[in-house]
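Next come two complexes built around chain A: one with chain B, the other with chain C.
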Partner chain A sequence: MAVKKREKDLTLLEKMYIPEIVKGLSLTMKNMFKPKFTMKYPEEKFIPPASYRGRPVLVMEENGEERCVACGLCSRVCPALAIEVQAAETEREKERYPVKFEINMLRCIFCGFCEEVCPEEAIVMSKDYELAFSHREDAIYGKDKLLTPVIQLKDRIEFLRSYK
Partner chain B sequence: MNIWMILLFSLVKIFIIVNVMLITVSYLVYFERRVSAWAQNRLGPNRVGWEGVLQPFADVLKLLLKEDIVPDAANKPIHTLAPIIALFVAFTTYAVIPFGPSISIFGYTVPLVVADINIGILYVLALTSLGVYAITLAGWSSGSKYSLFGGIRSSAQMISYEISMGFSVGGVLLLAGSLRPEAIVEAQQGWMWNAILQPIGFITFLVSAFAETNRLPFDLPEAEPELVGGYHTEYSSMKFAGFFLAEYANMIVASAMIVTLYLGGWRFPYLENFGLSAGWFAIISVITFFVKVAALLFFFIWVRWSLPRFRYDQLMNLGWKVMFPLSLLNIIWVAALIMIFKI
Partner chain C sequence: MPKFVLDGKEIEFKPGQTIIQAAKDHGITIPHFCWHESLSVAGNCRVCLVEIEKMPKLAIACSTTAAEGMVVYTASEKALGARNAVMEFLLINHPLDCPICDEAGECKLQDYAYSHSAGESRFVEEKNHKDKRVPLGPYVMFDGDRCISCSRCIRFCDEIAKDNELTFVKRGDRVTITTFPGEELDNPYSLNVTDICPVGALTNRDFRFRARVWDMSANKTICTGCSRGCNIELWVRNNEILRITPRQNEEVNTFWMCDHGRINTFKFVNAEDRVDGPHIRKEGKLVKVEWNEALTQAASKLKKFAKNEIAFIGSAFATLEDNYLLVKFAHSLGVKNIDFIRHYIPSFADNILRREDMTPNSLGAEAVGVKPSQGGLNIDGIINGIKEKKIKAVYLIDDDIAAAFPELEEELAKLDLLIVNATNINKSASVADIVFPAATYAEKNGTFVNFQGRVQRLKPAVATVEDDRALDGLEMSRLDKFGTKFDRWAQGHKYDAKSSWKILSALSIEMGFKLKFNMAEDVFSEIAKNTKAFSGLDYDVIGELGAQSKLQPEEKIITT
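Up next, the complex of A and B:
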């Protein structure tokens, strides 16, 4: 049997195991008193950083209107075909608005393409990660669930502006 | 004391010990999971009851409700017999280990040990050797190659470590001049613990105890990554729980043995000089014993989550070329101590 030469032979002290074992034991002992990484989840929630891509939402201006102009780019770019937009005309300055804006959360893959493609900064990824449904119908989020006040999305929008 | 009283006291003691053992075993599993979590910066099970204290009961209930699967290739009688042997050995071994001084109840003197027999240590060594059969038979009767590997490894490992274990005990027996566990505890007055008098023997015994109980770093018979659980791969439900229970019960027995042989048993150093009443003396002694055993159990768990597994050839090298000569050296050392200091 060919004996492979080691890069570094063990010293006598290392061969005696005991000092090395003590070293290993002290390491685990030190770790036992370190702060724990795990969170007690339902009681203690994880607050994601601005770069986190959670549930996509529509931005709602201070006056209660959506920013979206229903151009349909998001639904075109969506690789999972999760977004459905139906445009309509409006008297307001922007001339178009979505009558119907639905995201199927069972299809959404949280890629963030919709947010990236949006010319109006009207759809952004929020920090919401708690998505659970008991019916398939519940998973289709309409405008009522998607519209989120702009104040709540401030740091995500700032993050997008600094990196876009 | 007539025969009926002896029987009654023995039954009460057996009842207490078996129940304490079962509860300790279930909490040891919980404790193991918590300690492993702490060592890895996790929290561990903390959902069932306050901080997860009811977790052991949930585990047992879950195992009870599982389907008991016996593989087609298995030798059914032996497949059933193996966990029974494992449990039998694990629970009967404890009988000779004293956990406190003699106490007097209703005018009777009751030693706090189930069976105060003269060949106690020999009895423990003999029964723990029987434990190998459980694992080997389990491995063989399962009709699976992984189980067979586990069983073979276990028998080879246990045979090689039994020898150094026996020789390490030799040193203790020389000093105490008796095979009676009570006498060995008596011999370790004050700080004259065997662990201090014969550190080499203590270390060899400790390492052998790890190998005997199949704990990491010597858990080759069950080595999850390579043998998919080893000898208990083909076991499920309560038969698996039996092996699990036996493993942890063996850990308790090993800790209690180490405490009795090397760490002064139930003796709190110089407690007899404090002038306490007999009742308090007994209570503190029993508590001392349990604290010592608990500390050792923590050590067992701590080591498991710190050290990697030995390779098979390293294990055999260590057993035959290191532990065995060291335990012989220990006997010479103890003999020299006796010669020089006339202990």
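Up next, the complex of A and C:
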């Protein structure tokens, strides 16, 4: 078996590795004083920009009522069939409201179609990305978890309007 | 036959026919709102404007009679321009509330706005507002904002229901529809106006806001409200019937059905008192048991009685197949006492669709032999027999003898054996010894014979435990197609119920004589083979619109 001879042997300096260690450490030292990109999650939280598509939520007006009129378009357009809406009649001016509105967060793929199709600007993508469940049933979000005050969603709504 | 040219295609017409009707007969639809095949011509929506050569102005296709050599364009520049303009006018005052409106998805105005409109409105002023949410009658709700004043509903009441209840009031853009003073829209056919309303102005109060049309499947079947047997569609979501609409059949019901059929004939299917699984009376109470236990017990008890102590009661609510198996079962035992209960309400009948006979299949029940054999007792004889304790065992399918003869309730409880195939816990089932869960008309295949002697097919719309929507050929909605069994919209309750003929077939095997069939279709082909009246018929020949049997139409109703 032929053994190929090394083209060049290491010099003494190279054999000591000291210059290389200094080189490496100096890079580390340099970066220690540069601005950081990482975060101490979960002590520190990432606040996404308005364009971020977190979990979809229902907009709750200041008077505590939902904007949603239960037209069912979000449910129709949802490619993952995550949304279930049951309408009913109300005394309000818009005579239809969702008596049940459920999103299965195990099915949701955060595509944002529901937000795009909504004629009432009643379902928007929030900045909430913390979705962990210990049980399948917990992943089905009803109106109690979905309704979010409009004030918290101002960012997203303004972002959407700027693209209309 | 004379001919005229429509969009470059020569088509034939009957003299006197309008352009729109002649086009429709050849499968060409000219856009229209106010025109309806079976109503008079009003000509007020103007959307059917077409260009006709040598005519100075555009003409409406719905009231212009076709003439030999006429050359009509429905899609010329002028015609399209006019159609767009008409659509723009109609949409000026029509609210943009499709998300709230129940008609969305089956709305003519919505469809035409997509296909025949520029899509942009130049109207910037405030829209006209009229009364919303006006209950016109017990079943119909009116929304003035959405009305496009086509007058179809007014003409329907005048011409079909023959009850002048609705009228236009006010003029110009304030025109609206109302009932005459002191009147209500309460004729027996009032809900048909919700079908013919091209927009969401008239809605069914029983169905409002319950479901979107695209979430339901439409299952073609037959109404069980009376012996007319109107052709209908059952709209089902999550294994629950939500509404009924009529289906066109020129021979039976044309376009219509009555409110009784539409409102009262489907709620029991998903009612709380449905029989779910076989029940046996143990220590005075009905207890749910396994099929095997119920069948063995029914068989061993039936065997203890002499031939003349048993009576079989068929049903005009049950299909031909159910009744046929009951007759075969009775004859195999040598029992001669067999008949069914008539349900006649003379005051229910009218000259439009409704019939005195409140059952869908009395002609069929008789035709397959649900009548006493030589020396057997008819229904009156059976009732007397029960009272005199000569009849000791009764087998009843798909009917409620205790409700039909209230004086009999106590006697029935005292019977040695009462076996009932029941859909719901009714008066008879609650005093029965053994209750088999019968499938409702919405859960089985089968055939009915209406008063004309027309054989019509029932198709299942609601799945029972043994059915699978896809494999058993039930209509599938979008959710049915894409959901898995773990999804909540696919978890509507399935009842453990079987068609009466299947129950009788299973029981016959326990009894030791085998009446074995795999499908309702097999039972029907045997009926067709053995009964002259149905010879030559099978499920394919019957199809969606039914087929005439050789039975004589029921001319006069015998009132008892």
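Quick note on the criterion: the second predicted complex is superposed on the first by the 134 of 164 C-alpha atoms of A that agree within 3 Å, B and C clash if a C-alpha of one lies under 4 Å from a C-alpha of the other, contacts with A are read in each partner's own complex, and residues count from 1 in each chain.
Operating definition for what follows: contacts are C-beta pairs under 8 Å (C-beta built on N, C-alpha and C of every residue); 3 or more make two chains touch, one makes a residue touch a chain.
Note that this is a predicted model, so its numbers are computed, not measured.
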Partner chain in contact with A:T28 - chain B first, chain C second, else both or neither: first
Partner chain in contact with A:K40 - chain B first, chain C second, else both or neither: first
Superposed model, chain A: greater residue contact from chain B or chain C: C
Which superposed partner A:R53 touches (first chain B, second chain C, both, neither): neither
Contacts of A:K145 with chain B and chain C, given as first, second, both or neither: neither
Chain A residues contacted in one complex by chain B, in the other by chain C: none
Residues of chain A that touch chain C when the two form their complex: 69-73, 75-76, 81, 84, 87-89, 94-96, 102, 119-120, 140
Touching residues (chain side chain A, partner chain B) in the complex: 18, 21, 24-25, 27-29, 31-32, 34-38, 40
Chain A contact footprint on chain B (complex, rising order): 35, 37-43, 46, 203, 302-303, 305-307
In the complex, chain C residues that touch chain A: 97-100, 104, 132-133, 208-212, 214-215, 479, 482-483, 487-489
